[in-house]
Amino acid sequence: MIPFILTVLLAFVLYLLLTAGSGSTGVWAYSEILIGLILACAVGVVARNFLCRHRNYRMINPLRLIRLCIYVLVPFFVEMAVANLNVAYRVITGRIRPGIMRVRSDLKTDLGTMMLANSITLTPGTLSVDIDDSSGDLFVHIINIEEGEEQKALLRAGELFTVSDLAAWIRRIAE
Amino acid sequence: MLSTTFHTGAGYWNPLVWLGVFLLLLVLAYLFWFRGESGYRREGEQTKPFLSGNRAPARGEMHLRASHLYWGFTEAIRGYYERVVPAHTGVLNDYLLWFLGVMSFILVIMVVIR
Amino acid sequence: MQLSRIVRTAADILYPFILIFGLYIVIHGHLTPGGGFQGGAVIATGSVLLLVAFRYSELTGDLRKGWMKIFESGGLLLFIGTALAALLVGGVFFFNWLANTGSLFGIPVAFGPNPGEIYTAGVIPVMNLAVGIEVWGGLSLIVMYMMGDLEEGGERS
Amino acid sequence: MTEIWFIAVSFLVAFIAIACIRLVLGPTPPDRAVALDTINTLIVATMILLGVAYRQLIFVDVAIVYALLSFVSTLYIARYLGGEL
Amino acid sequence: MIFEAVAPLLLAIGLIFNGMGMVGLLRFPDVYTRLHACTKTTTFGTIFTSLAVIVYAVDWFIASGEGQYIMLGLHTVIAVFALAVTNATGAHAIARAAHRSGVHPARAVVDHLKGAKQ
Amino acid sequence: MKRIVAAVIAIFLLGVFMLIAVQLPFGRPSYSDMDDYFLRHGQEETGANNICTAVVFDYRGFDTLGEASVLFSAVVTTGLIFRRLERGD
Amino acid sequence: MSWELLRLHAPALLIAVPLVASFAMPILGRTKLSRGIIALGAMALTSCIAIFLSYTVYTSGVLLYVFGAESPALSIPPDSGGIPIRIIFTIDALSAFMTLIVAIVGFSVFLYSMSSDQRHTGLEGYYTLFLMMIAGILGMVNTGDLFNFFVFLEISSLAGAGLVAFRIEKGKAVEGALKFAVLSTMGALLLLFAVGIFYWQYDALNIAAIASRMQFSLLDQIALVMLVAALAMKCGSVPLHFWTPDAYSMAPSSVTAMLVVSSQASLYGLFRVIFTLYGIKLDWVTVGWIVIALGMLSMFVGVTMAIPQKDVKRLMAYHAISQTGYMLLGVGVGIAVLGDPASLQSYGMAAIDGGLFHIFNHAMYKGLLFLTAGAIIYVTGTRDMNAMGGLGHRMKYTMIFFMIGALAIAGIPPFNGFASKLVIYESVYRFSPVLAIIAMLVSILTLASFVKVFHSVFMGPELPEYDTGREVPLPMLLGMGLLAGIVIVIGIFPAPFIDHLVAPAAQALVNQAGYISAVAGGG
Amino acid sequence: MIELFFHLLVLAGIVFAAIFVYMERDLLSAAIATGLFSFLISLEFYILQAPDVAISQAAIGAGLTTAIFIIAIRKVGRWEGDER
Amino acid sequence: MIGNLPLITVGLITVIGLFTIVSKRNLIKILMGLNIFEAAVNLFLISIGYREGGIAPIYTNAVQGLMVLPTPQALTLTSIVIGVATTAMLLAFVTIIYRNYGTVDTDRIRELRE
């Protein structure tokens, strides 16, 4: 039951976002809200087992959602800007020293791992290549490994980022 | 109302007349058959084929199979068959090429030449 | 073997999104670009995404061929039934018997550019929904048949 | 004012052309898949900008469809390349 | 109008980053580095070009008050979010597939994954 | 031999299609009576703002039925030829 | 539903009934009983509606049905520039004639299929596709809209390809289906291209509307070539016939009988395009000779290729090609004299009559022959004629039906093949004696090859491998018997048939102005 | 004028992709190029003011056609001249 | 002439598609050619419906102005669906053929010939 309600809620919010601005007086027309509810119920029936595959309801907590929004807007965006400047620099100079390193993340949930991997992919000089299914370690392709770094057997996830520790943020959001 | 006479523009045709003639022929045939010898025996040595003492072929071997027929005909226009049969290659590309080729040919006739 | 955990989680999260977006396209077919076929194809692509992210045998509980067949046939029957219903109200096959009647989906629409109202256009939204369901079932079934055949080893049974 | 959008779109289409070159040159299929992925992203950007440039605001829906679905073909290619299909 | 001042700037930033990505796509030696170049830069560039659109939408909404501009802005945001998630995941999938299909990083100083698989 | 024939046909057809392309003025349809009717009356007759959908589902709804049938028959065919042969034959 | 309402909406129900049955089949057709009831019931209902519709059209003239309008006859709304904007079914005598063929053959084939195909799996899909194909053919012959014609052509092609591939245990069946489907798709796409050209020039999709504005410009000529090539390919005329024997021989026999009708619906499309769409504005001598050339080639190559065949269904498929040649020849002569009223009156109409009459006769006897071939294969399990023999001892009814069909196809009186061939010979002789003589020669060769089939399948001593064989079940015999009865009846009473069914159809085909005014006058 | 420029580029890309599909012997690359072809055709539909068709082509070309092509290629082998 | 660019593209890719269909031996490649041809026909239909300076035929939030022709778009939608149905069915056929013949080379898929 809980998965159903969650999926319906998510779908309904998405539907409202999609149809915002439809009403002539308010933001939403009444007809849109009614139809949106019906469609969201349909989606809930079909997709409930996918969205809540592990019956993990941490993300309902509004605090976490607010943190997610802040995370996306501030540290993540800053990291992305740095990443792009970094790539621009590499493109122009051609100075690269690539390699694939093992990164320990200590994240348990699938959602957290996914967010970390995607953050790694979109942030400076790193690209998640593979994941070790048993330990949850990520294998990260790093475009420019500092001298001496390659000797380490393991990197901490926080070391990959330049401005702030995104791994810690994600732990606070998803775990 | 259900007239069987059928005017074709150049003449006419009536299947009933034809059937009548056909029946007449049947009657004639029956008459010939009726006047035949009645002492013919269906079973016995009389009907067995005699092949100079060789073994008579079995039931199945006696049957004239399909590919034995019209050997002469196909042999007579062999040149034609040697051209036409290989054209049916069974290759999909050739079929498509024929299609486009014929289309181009008709295009040439219709649009370019005319 | 299948794709990594990351992709599977992403697929799980994207699936409801694709679904609701496809339904949005279907139901807004008479107002915005899209319609039954496009929305149905989008939803079907959601199923295709699941089929690529997971193994076919993992999905048999949630994505069944039998259900898809029923969706397909049911959508088409709804479609042709809507069209045939016009005969009962005195129109012709495919007559738009709901439009401009003021009832469900029958609000008259103002001429010219306007923001649009979802309860207009008569049988068109109904038909959109029917075709959407049909296309969802049909296109999902095609990929399911092919993936199912692939995972069974493709040998002759 | 609409000129800006068209100029931006022209640049983006030129970038698509560059990515097409990589798609043709790419020595291995993964390279081509990368180029395809890039082209998808660029086409989404192009579509958003063009919708505004034509002043047809509802055209953005097409871009969302694109953004969501172009990913699927990438995944199929990836799964095939990884020998997992 | 805010729009006329800001939009060219945002568009220019987006286009510059996109262009960098394209140069990287042509110049870099192997799949992984190319992925670095184009995934990040095109996502980032698209965010900026879309920001221009959002600024446009906000501007016109303030000017005219029509609901359609809200819709434009929100749809653009949704498109960009979808793009970010799918791009990152797709890049990961391609990188993983490339490594599994035997493309090893060129000029690599270290490859832990290769060792881990054996 | 076959390739030469194919190439000749392809070049000829290229000429024909180029002829078609040059003959038709792009962007300026010569007649548009039927479509102008749709654009003028489509909205009030069907109540749909999207004239394209109005054409697909109302004016030419029968085509859409046929199209859906084509998809249906393709799906049924796919199911048929991937079926299991259990009994006999 | 009152009688008047049925009369009004018969064209819609004609398509809707098989489609509804087909859509419901995957859900409801799980058991043998429900499957049989749905399939046979829907087909019987469709046949009844079709016969009723044909009767209406023959008695009261062209019937219009405008889909989606407020009333079925509202073809041209005011303010649309004189163009019909909706899809219109324009059912004139020729369409009614073709509808009749579909109804008769379809019903017999379904009856036959009730027992012949029960050994296979996947039967609900089989009947789904079968009903879909019948709906497609009915749509093709009744529609008055070019794009709608394309859609129904695709329906019948795809469903036909699916049915050809039905017996997947032989890889060959899928091969035949693939060739059929690829070629059909190509043809259909070229047809769509031609539709695009028409749309560009005249902004219309209705056949009558295009015909009334036709100028026969350069683009129209190119479009004509595309249409002729595509439809000639679909109807299986030499040298575009290559898919025909592959598809016909590999399909289940009941399907093959229907594929023949499908080909003839394409033939109908070809004639419709030439006569109604282009009509007198056409370059009639060139087009007529092209059609005649296709017909002659089909006749001769078809029959000569049939003679050395060993596969019984392949042989019959080549004969189908050869018989298609007769139709093309007859109507081609009509086209070649289209612009010359004197010749048209004196022998052109007779030639067209003959060609159309032959379509009907061919559908009947070729359907019958394919069904008997299916019965033979049902009993023997092989299709190789070298392995057959002596079946006449056990399958007496099948032998009689085969004999009727073979004599009819060879043009032996008093069966129906003779009547139509006679008309064709006489009218073609007045156009060009050489053609008529070749046609007669082909007829003789046809007889020869069927004598071969008859001898090698039914005659001879009983072969030991078929000792357990027996007569086929009753529904199959009923299906064949229906067709055989029609063959005999038409053979004996050709005159009323020609006068009341074929001549109006031929008139409707030639009468372009009537077709146009029927559509234009509807609103 | 500037519209003509990117229109020209898109059309050139379409032709280019079609030629690449013809030339390439690796079926997987050809399938990728078919995907590219679909995308560019879809963009062209968009430019020609047909958003309905563009959505349809995007959903079909981006998601389904490429997917079923790749499944089929997985079954029949990747190289054009490859034989078993 | 220069304005006819989409139509010229239609001509070019039509011929490329046809040539692929005719000259390639691999069935998958043939289907790709068929896909290209289909796309060409669709593009042709859309091109003939375009009006210079027109906007999409959707009244929702549109600016006032000339609209492009809606009917070709409807036709193209139908044609796209038919195209994907055909492609899917043919690919299924190809896989079955590969299972039975062990090849997708048209030169060797010719059990049915003559």
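To keep things simple, chains are lettered A, B, C, D, E, F, G, H and I as they appear, and every chain counts its residues starting from 1.
In this text, a contact is a pair of C-beta atoms (placed from the backbone, for glycine too) under 8 Å apart; a residue touches a chain by one contact, two chains touch by 3 or more.
Every value quoted in this text rests on a predicted model; they were computed, and no experiment measured them.
> Which chain pair is joined by more contacting C-beta pairs, C-F or C-E?
C-F
> Just grab the chain with the largest centre-to-centre distance to subunit D, centres being mean Cα coordinates.
Farthest from subunit D by mean C-alpha position: B.
> Roughly how far is subunit A from subunit D, centre to centre by C-alpha average, rounded to an integer in Å?
Roughly 22 Å separates the two chain centres.
> Return the distance between the CA-based centres of subunit E and subunit F, expressed in whole Å.
Here subunit E and subunit F have centroids separated by 35 Å.
> Give, as an integer number of Å, the spacing between the C-alpha centres of subunit H and subunit A.
One centre to the other, that is 30 Å.
> By residue number and range, which residues of subunit I touch two or more other chains?
Counting only residues that touch two or more other chains, subunit I contributes 5-6, 8, 12, 18-19, 21-25, 27, 30, 47-50, 55-56, 58-63, 71, 73, 75, 77-78, 81-82, 84-86, 88-89, 91-96, 99, 109, 111-112, 114.
> By residue number and range, which residues of subunit F touch two or more other chains?
6, 9, 13, 16, 20, 24, 29, 32, 34-35, 38, 43, 49-50, 52-54, 56, 58, 60-75, 77-79, 81-82, 84-85
> I need the residues of subunit C touching at least two other chains; which ones are they?
3-4, 6-7, 10, 13-14, 17, 21, 25, 31-35, 37-38, 42, 45, 48-49, 52, 72, 76, 80, 83, 93-94, 96, 112, 114-116, 135, 139, 142, 145-146, 149-150, 154, 156
> Can you check the complex and tell me which residues of subunit I touch subunit C?
Against subunit C, subunit I makes touches at 56, 58-64, 77, 81, 84, 88, 91-92, 95, 99.
> Which residues of subunit B touch subunit F in the complex?
For this pair, the touching residues of subunit B are 93-94, 97, 100-101, 104, 107-108, 111.
> List the residues on subunit H that touch subunit C in their complex, please.
51-52, 54-56, 59-60, 62-64, 67-68, 71-72, 74-75
> Report the residues of subunit F in contact with subunit B in the complex, numbered from low to high.
Counting only subunit F, the residues touching subunit B are 2, 5-6, 9, 12-13, 16.
> Which residues, counting only subunit A, touch subunit C once they are in their complex?
7, 10-11, 14-15, 18-19, 21-22, 24, 29, 31-32, 35, 39-40, 42-43, 46-47, 49-51, 53, 110-111, 113-114, 117-118, 128, 130-131, 133
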